[in-house]
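Shared between the two complexes below is chain A, which has chain B as its partner in the first and chain C in the second.
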Partner chain A sequence: MTIEVRNIVKQYGAFKALDNVDLRVADGELLALLGPSGSGKTSLLRIIAGLDWPDSGEVSFDGENALARGAGERHVGFVFQHYALFRHMSVFENVAFGLRVQPRAVRKSEAQIRARVKELLDLVQLDWLANRYPSQLSGGQRQRIALARALAIEPRILLLDEPFGALDAKVRKELRQWLRTLHEEIHVTSIFVTHDQEEALEVANRVVVMDKGKIEQIGTPGDVYDNPATAFVHSFIGESIVLPVDVSDGQVKLGHRPLNIDAGSASGPSKLFVRRHDMQIGPLGEGALEGTVRRVRTFGPIQRADIALSGDDTLVEIDAPRDRPLTTGDAISLQPRRYRIFAGQE
Partner chain B sequence: MTITIINSPVTVERAQSVARQDLHTEPWLVRGIIIGVAVMFLTVFVVLPLILVFSEALSKGVGFYLSALGDSEALSAIWLTLITAVISVSLNLVFGVAAAWAVAKFEFRGKTLLVTLIDLPFSVSPVISGLVFVLLFGAQGFFGPWLMAHGINILFAVPAIVLATTFVTFPFVARELIPLMQEQGSQEEEAAISLGASGWRTFVVVTLPNIKWGLLYGVLLCNARAMGEFGAVSVVSGHIRGETNTMPLLVEILYNEYQLVASFAIASLLALLALLTLIAKTILEGQIEEGQLPRDD
Partner chain C sequence: MSAAPKRSSLPGFGLSMGLTLTWLSLLILIPLAGLFVKTADLSLSQFLDTVTSNRTLHALRISFGLAFAAALVNLVAGLIIVWALVRYRFPGRRLFDAIVDIPFALPTAVAGIALTTLFAQNGWLGAPLASLGIKVAFTPLGIFLAMVFIGIPFVVRTVQPVLIDLDVEIEEAAACLGASRWQTITRVIIPSLTPAILTGFALAFARAVGEYGSVIFIAGNLPNVSEIAPLLIVIRLSEFRYADATAIAVVMLVFSFLIIFVLNRLQRWAQTRALAVS
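And then the complex of A and B:
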């Protein structure tokens, strides 16, 4: 099932949660909505699910207007951040719920429902918990039961709101792997919301980066990491060194020092973004920037150094391979191998 | 010359435990006085009156007690009280759940005003509540002439008693449910709706089981107050013997006529109701706590 979202606007009082959002999701895709809190990602998910309504705009599933249908008629599986399992029902009844509330004409027989629930509990590998109650399960187990419950209605679309947000780091890692495998198995169009970039980059086929109710960039995980479209994406995804620069006549200057690097399309006050591992270290005089090593730590294959840039003593943190050992007090040059310059000082 | 004092471990321990005791408890005299005051207060204000009610009611023997309760006026008062309680509690059950549902699960303009209005019967003297109905339905009241022209009796009849009782006991159910439902949030309802359940089905299968103990608790308190309400009912009832006297009104009338034993016999029923309510309330509080198992997130 494809999803198309057009010109969605959603306002809560004076706060614009979604500001003219457009998005197309291809059939069978596993898409991540990534952004800081307040970026509008959950609002967008809830609008697609039918749990919220936009002020204006369109949502269609396979070309058919979804806004004309209520949440219950959209055949969307929704997994809540805090699971929202029915606390007074057993695990079995939780998963069976969607099947039991179907209209009489299409409702399955009791035997069929039992078989289907068993199948789903097997799928999430928790068939042995069927008679327990939600309060007796661990966070990871609850999340998987919530997923089984959402899948019971054979949803055309699966929506997950911060699915691993409330879990501890180790369980989160396991569930990530598991979700991706599951998606390969059932191949239903899925969107999940997260504020964790690692989660988005590791699990999704495509990542939508959002900020302040707008989409900043849509691309594959490799794309958004290597070719960030905006300053926001560059600083939100991966760690970057950010330096305020001034661009005039195609010349990039840090303070009064010309850097001899390509300015691209930027001009005026701008920001230079370099990934920490994209700074090449060399002897004095061979790079765009110069500085003194202040402190060095080593982690496995890399060494991380604090460099005080000459001029205003700005501290930058860089990652370098260990083949050229650095010591405190070394005077060195730095040359960005890959970098981006975005206009504006914001 | 130096003197070294070596403390044996035992004495050190004892010294510490004595010190600890001093820090965390009061001297026995203070404890005794405080407990004594509390017990005395409870005895004088709660236990003694309860005993007196029952002993006075039974002072002329069980036979007299039963015949006082079997009196036609007493029976009619008991019957009227039960009818009134059943109607007003059921009405408030519906109103209370609806109001709590609206307040807890939805955001809308004027929500604070609604919550304040729900509390109104608690902050107004019951006599005023009764008077309001007199002003509305009395002969000189707002609807009075129209009602008289159509031969409908509200004031000084059962309808006014039910109305006044319903008004006075309105907050109990809603007050009990609002915080409970707010705490539970609406995610379970959203989950049910997105799984295809209808609104009514969601309410019956998801919301109601989650609030059942709190609801029962609210109904219990509502019922206790409905049966015991005096002020508002006294204003609108008209005190027609055998017709519009509820149990609390009859207690007063009998007392004023120096029929002390009969008066206390009826009062003992109300006291019994209070005791039963108290017991049921304690049981329910345990259930509510159990139903609120912490959800580790």
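And then the complex of A and C:
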């Protein structure tokens, strides 16, 4: 099932939670919606699920208008951050719920329902918990049950709103892997919301980066990391050194110091973005940036150093290989190997 | 459960347990024990005669039967009122919310007189009902209405906070799974509210069984027709038949205790299902 979202606007009073959002999700894709808290991820997901309606714009599934249908008729599985399990029902009954509420004409027999629930509990590897109640499960188990419940109705689309957000780091990592594998098994078109970039880059085929109700970039995990389209994406994904620069006549200056780099299309006050590991260290006098090593930590294959740039003493953190050991007090130069310059300084 | 754990992380167990027991004994257990002691003035056959006389049995049936019926009506009406107050925004909502408490606050005699005036044969509501052949004041129906009146806040005030706290996400989850609105209410919302509903029902019922002030005005108090058990006790007292009075009281006490106990178990059961501890 493909999902197409066109020009969606959603307002709360005067505040635009979604501002002209366009998105296409291919059949069987696992898409991550990544953005800081408040960027409109949940709003978008709820509109796709039919739990909310946009002020304008269109949503279609396989070319068919979805906005004409209510949540119950869209066959969408929704997994909530806080599980939203039915507390008064056993795990088994939670998973069976979607099958039991079907109209009599299409409802499965009791034996078929039991078989299907068993199959789903096997799929999430929790068949041994069938008779427990949600309050007796750990967070990770609850979320897997919530997923089994959503899958019971054989949804055409699966929407997960920060499904692992309430779990601790270790469980989160396990479930991430597990979700990836599960998706390979069942191949249902899925959108996965997260504010955790590592989670998005690791799980998804494609990542949609959102900020302030707008889509900033859509691309593969490699794309958004290596070729960020905007200043926001560059600073949100991966860690970057950000320096305020001034561009005039193709010449980039940091303060009064001209830098030996290509300005691209930027001009006027701009920002220079460099990944920590993309700073090449050279002896003094060779490069564009100069500074003094303040502190060095060594772990694994890298050394991480705090460098105070000459001039205004701005502190930047760089990662360097260990073949050229740095010591506190060294005066060095830094040449950005890969970098991006975006116009504007706000 | 052992009485006092050897080491507890909660301090003050001895002190608080001691105070609780003393307080319960002074205020509840000792007066109730007095009731049994006084009743023992009667021989067993005298006791049985008193409590199985037609008049006593009728009064008990009126009190318990109507209280139960009134609590059932309050259960349904209370749920609808709670739903409206919590889930909809309409003008005057706060006012309605405040009105629910009136039966709590009103002196019971005032409530009784107001209801009697309203439902008397020449009253605003009594007159049109009388022309339909329905007599309310001075009949069991009047007693029933008074019991409904005083019981409604108990259901509303116990269920309301639980419904407010109920996560809307569980309703959304049900909707996504294809449940109709009605299925969501009956299979998800009401079961989640069950412990609170049972508590509200028990409170409304207990209040109606013990109600005196607001009922006696509208009841008319005809023996074997519209006489409630608490009134019969007062009559026996005014006749100085103290042991007879306490005998009826003992029966009411035992009955009430049994019913409240059963409701309490039910409520516990509903709650442990929701918050099962392994």
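As a working rule, the second predicted complex is superposed on the first by the 346 of 346 C-alpha atoms of A that agree within 3 Å, B and C clash if a C-alpha of one lies under 4 Å from a C-alpha of the other, contacts with A are read in each partner's own complex, and residues count from 1 in each chain.
FYI, contacts are C-beta pairs under 8 Å (C-beta built on N, C-alpha and C of every residue); 3 or more make two chains touch, one makes a residue touch a chain.
Treat the numbers as computed from the prediction; the structure is a model and nothing was measured.
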Simultaneous placement of chain C and chain B on chain A, clash or fit: clash
Partner chain(s) touched by A:166 [first = chain B, second = chain C, both, neither]: first
Contacts of A:139 with chain B and chain C, given as first, second, both or neither: first
Doubly contacted chain A residues - partners chain C and chain B: 49-51, 70-74, 76-78, 80, 82, 84-88, 97-98, 101-102, 135, 149-150, 152-153
Touching residues (chain side chain B, partner chain A) in the complex: 187-188, 190-198, 201, 205-206, 209-210, 291, 293, 295-297
Residue numbers on chain C that touch chain A, as the complex places them: 167, 169-170, 172-180, 183, 187-188, 191-192, 194, 270, 273-278
Interface residues, chain A side, partner chain B - complex: 49-51, 70-74, 76-78, 80, 82, 84-88, 97-98, 101-102, 134-135, 139, 149-150, 152-153, 166
Residues of chain A defined as touching chain C within the complex: 49-51, 70-78, 80, 82, 84-89, 97-98, 101-102, 132-133, 135-136, 146, 149-150, 152-153
